[in-house]
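The following blocks contain the structures, represented as structure tokens.
Each of the next two complexes has chain A plus one more chain, namely chain B in the first and chain C in the second.
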Partner chain A sequence: MFANLDFDVIRRALPYLFYEGMTFTLTLTGLAALGGLIFGTAIALMRLSGFKILGRIAGVYVDFMRSLPLVLVIFWFYFLVPYIGQWLTGASRPISVGAFASSLITFIMFEAAYFSEIMRAGIQSISRGQPAAANALGLTYAQTMRYVVLPQAFRNMLPVLITQTIVLFQDTSLVYVLSITDFLGAASKVAQRDGRLVEMYLFAAVVYFTISSIASFGVRRLQARIAIIR
Partner chain B sequence: MIEISHVNKWYSPTFQVLTDCTTSVNKGEVVVVCGPSGSGKSTLIKCVNALEPFQSGDISVDGTKVNDPKTDLPKLRSRVGMVFQHFELFPHLKIIENLCLAQQKVLGRSHDKAVAKGMQLLDRVGLNEQAQKFPAQLSGGQQQRVAIARALAMDPIVMLFDEPTSALDPEMVSEVLDVMVDLAREGMTMMVVTHEMGFARKVANRVIFMDRGEIVEDAPKDDFFGKTRSDRAQKFLSKILSH
Partner chain C sequence: MSYHWNWGIFFEPNPMGTGTYLDMLLSGLVLTLKTAALAWVIALIFGSVVGVMRTLPSKAATWFGFCWVEFFRNMPLLVQLFLWYFVLPELLPRSAGLWLKQLPNAPFWTAAIGVGFFMSARVAIQLQAGIGSLPRGQRMAATALGLTTVQGYRYVLLPMAFRIILPPLTSEFLNTIKNTAVAITIGLVELTGQARSMQEFSFQVFEAFTAATILYLLVNAVVVTAMRFLERYVAIPGYITGK
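Let's look at the complex of A and B:
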């Protein structure tokens, strides 16, 4: 069967695959990771705060997000966001936000649930003496978190955060349900158009595998370095 | 300077950790607090800058009531230096950054001023060459001296020490005690939890002995070492002095 494969189709599609597809995939991954980290950290702080109600709300949110298949959330959000926007702004018609904004919001909300658990573990890994020392110097709660606790939590958890981001990188391919042209979407479109499914999907797999492997390798190097510093 | 009156604290409804603690530290005074492990010394000293809340009684520092909900705690704490048993330097910051952080964020000093002050204090504790290192690169004794310098950088009106030498290797104890003795001789008001009776003999005005959450003995240094009255204090003293 390999006799009549045409790998030249890949070469011809490269600019499209990378300039359009991969750019989208990386942008979505980067922004979703950043947003998920910020939002997730806020959730983690809510869960660790002394306020029971805040903690409960955050806990329910995390459990809810983690018990739904991502693809379903993407799908639902795409249809719901316009109505949520309408409800929030009081507009007379559903607000169209576009597939990119919709998928970005979805990924941020979804990843926040996972990042929050990582950051929570990171914050809990820091001895109670650290915030005590910061408070004793006169730093407020917010300053203590900002300058003392979170930087250490982030550093301790960096390998896990990157690993989660690699998963996110692969998961962004699920935006195909919204017919978005991410890397996999672009490969798929070329595959359909030229009738070269085997070549294109093989190539897409190789690309995802390569990028993820390099990132994982980086994580292992990083872990080794952190282990020495401790 | 520090007024502690009738303080009671419970960690849980059935566990009272402090019972009717009353004492004071006057301006320029050095008060040493000793007592068996678990007797509530750390808890008491942490109540002074409100790191630990307490249920009844009053503590005031320089006239400000720490248990008043209206008190600006960060502001009060910035004037009360504290040194911990395990140093608690911020491991992700360089030594000089450890000294500058609160100066800049709490006191609003400029970066240059904070660095100048920090270097001056590092010089004082003999560590100005370590300014660009990270805490983990220093010995325990050096780290504790940095911690003292960090507290002093805030120009505190009083210093609290919670067993500052008990996590140190024996050969490093004296380098930290020397800094503390100097500080005491310069007139700093100090409340020091320690079992270093040599330090107490040298610079303490009064010695407090705690047991099971109570202040059992509170006496001028000479009385304390001369004719300790309570059995419990006597037993404790003979135990630690025999080491």
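Let's look at the complex of A and C:
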């Protein structure tokens, strides 16, 4: 079954896979999670604000993003971002955006929809008395959010946020459709160059599996710890 | 240089000779729905079995359920599709691998099975949570009535658990539909794939993707509405969503 497999091809490709591929994947995951969290929190605050229109806009955005396949969204932004750039900078032709910037924008906008739902649940999990008390202490809305509500919401939702980041980590592999050299893209390029699809894809699977498993194991431990504190 | 809009493109004949561009997109939609339907059946069957196993008293069953869920949850769907499509035929005995490779519609079957197994892990978790949310007394009452374990699940636990998890199952079904788009990478020309090839043939990027987007939104709306009716239909009076 595994008799005529050449695992040496993996060893030779290791530097390329990790220095180029995994670096891209991890950078994209980290920045997209950070951006998604910031935008997501903003969207959640919009939804929970008293302004009906803001809430409606945020709601439509979230529902819209969540009903589209990520692959389609990746294509959308890949073609749309140059035109948005042209519009923003007033250039005479669509500006060229690198593969990394394009996919980063895509993932931030896409993940913001998912992170916003998590943060919304987190904000709603804070008892009403707390913002009321903050108000009574004379804190402004911004201060209440900054010092009272958001730190707790973030803490309560940390396991879910990390789980979503693990999903994001796996989803970044979809930039494959733009022929970008992320980890899977790198594995696939070596696989096709050397005609070693079985070895490379198996290896990619093992790496993704190991990283995700360790991360979700960490989440479970974190959850247990938080459960004791509360 | 600005973009040239041409919304009439949908009614122009496509280069494949299969009618208009709109026909092309609609055939993609049909393939998306077919793949998603088959994948969902697979996900429900395997997800239910594994979900139940995770709640059984047997250690071995729980362990198997745990491994199943971890295996299918900790790898990107794209990698799983590659494993099914490129790796599996090579690892099988020669004749079986050859048969797999020559299978007509291989991308369709691979996508349905790949997405199905991927989603089965999620269904299993939902079902486990649903069964776990039932009061312990229900399982005990079933035993006290003399029902076997199978009967207890069949007549007492599962009918309630499935009703409870209907709303999350709806979103998992929507995820299944969306996830079939990943199969574009193994050559399944479903809705996103057709939009992509329409863009390549006609250069009308945004018309093609707008149409695909609208079709996905429509499918979503239909599924959500249908599931809401189903929820109301199976609701138990005096219970959760009951009247």
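Here is the rule we use: the second predicted complex is superposed on the first by the 229 of 230 C-alpha atoms of A that agree within 3 Å, B and C clash if a C-alpha of one lies under 4 Å from a C-alpha of the other, contacts with A are read in each partner's own complex, and residues count from 1 in each chain.
Here, a residue touches a chain if its C-beta (ideal position, glycine included) is under 8 Å from a C-beta of that chain, and two chains touch if they have at least 3 such contacts.
Because the structure is predicted, anything quoted here is derived from the model rather than measured.
Peer 1: Determine, under the contact definition given at the top, whether A:Ser67 touches first (chain B), second (chain C), both, or neither.
Peer 2: In the superposed model, A:Ser67 contacts chain C only, not chain B.
Peer 1: In the overlaid three-chain picture, which partner chain does A:Arg93 touch, first (chain B) or second (chain C), both, or neither?
Peer 2: After superposing on A, A:Arg93 lies in contact with chain C but is clear of chain B.
Peer 1: Scan A:Leu202 for contacts with chain B and chain C and give back first, second, both or neither.
Peer 2: A:Leu202: touches chain C, not chain B.
Peer 1: Using the touch criterion from the header, give the chain among chain B and chain C with more contacted residues in chain A.
Peer 2: In the superposed model, C touches more residues of chain A.
Peer 1: For A:Leu34 in the superposed arrangement: first (chain B), second (chain C), both or neither?
Peer 2: A:Leu34 sits against neither chain B nor chain C.
Peer 1: Could you tell me if A:Leu222 is touching chain B, chain C, both of them or neither one (first, second, both, neither)?
Peer 2: neither
Peer 1: A:Ser212 contacts which: chain B (first), chain C (second), both, neither?
Peer 2: After superposing on A, A:Ser212 lies in contact with chain C but is clear of chain B.
Peer 1: With the two structures laid over each other on chain A, which partner does A:Leu14 touch: chain B (first), chain C (second), both, or neither?
Peer 2: In the superposed model, A:Leu14 contacts neither chain B nor chain C.
Peer 1: Return first, second, both or neither, reflecting whether A:Ala136 touches chain B, chain C, both chains, or no partner chain.
Peer 2: The answer is first: A:Ala136 touches chain B but not chain C.
Peer 1: Do chain B and chain C land on any of the same chain A residues, and which?
Peer 2: After superposing on chain A, no chain A residue contacts both chain B and chain C.
Peer 1: Quick check: in the complex, which residue numbers of chain C touch chain A?
Peer 2: 1, 3, 70-71, 73-80, 82-83, 86-87, 90-91, 174, 177-182, 184-185, 192, 195-196, 199, 205-206, 209, 212-213, 216-217, 220
Peer 1: Any idea which chain A residues touch chain B in the complex?
Peer 2: Contact set of chain A toward chain B: 127, 129-130, 132-140, 143, 147-148, 151-152, 155, 229-230.
Peer 1: Touching chain C in the complex: which residues of chain A?
Peer 2: Going through chain A, the ones touching chain C are 1-2, 64, 67-72, 75-76, 79-80, 83, 92-94, 170-171, 173-174, 176-177, 184, 188, 197-198, 201-202, 204-205, 208-209, 212-213, 216.
Peer 1: Which part of chain B faces chain A closely enough to touch in the complex?
Peer 2: Its residues touching chain A are 46, 49, 51, 74-75, 77-82, 84, 86, 88-92, 101-102, 105-107, 136, 150-151, 154.
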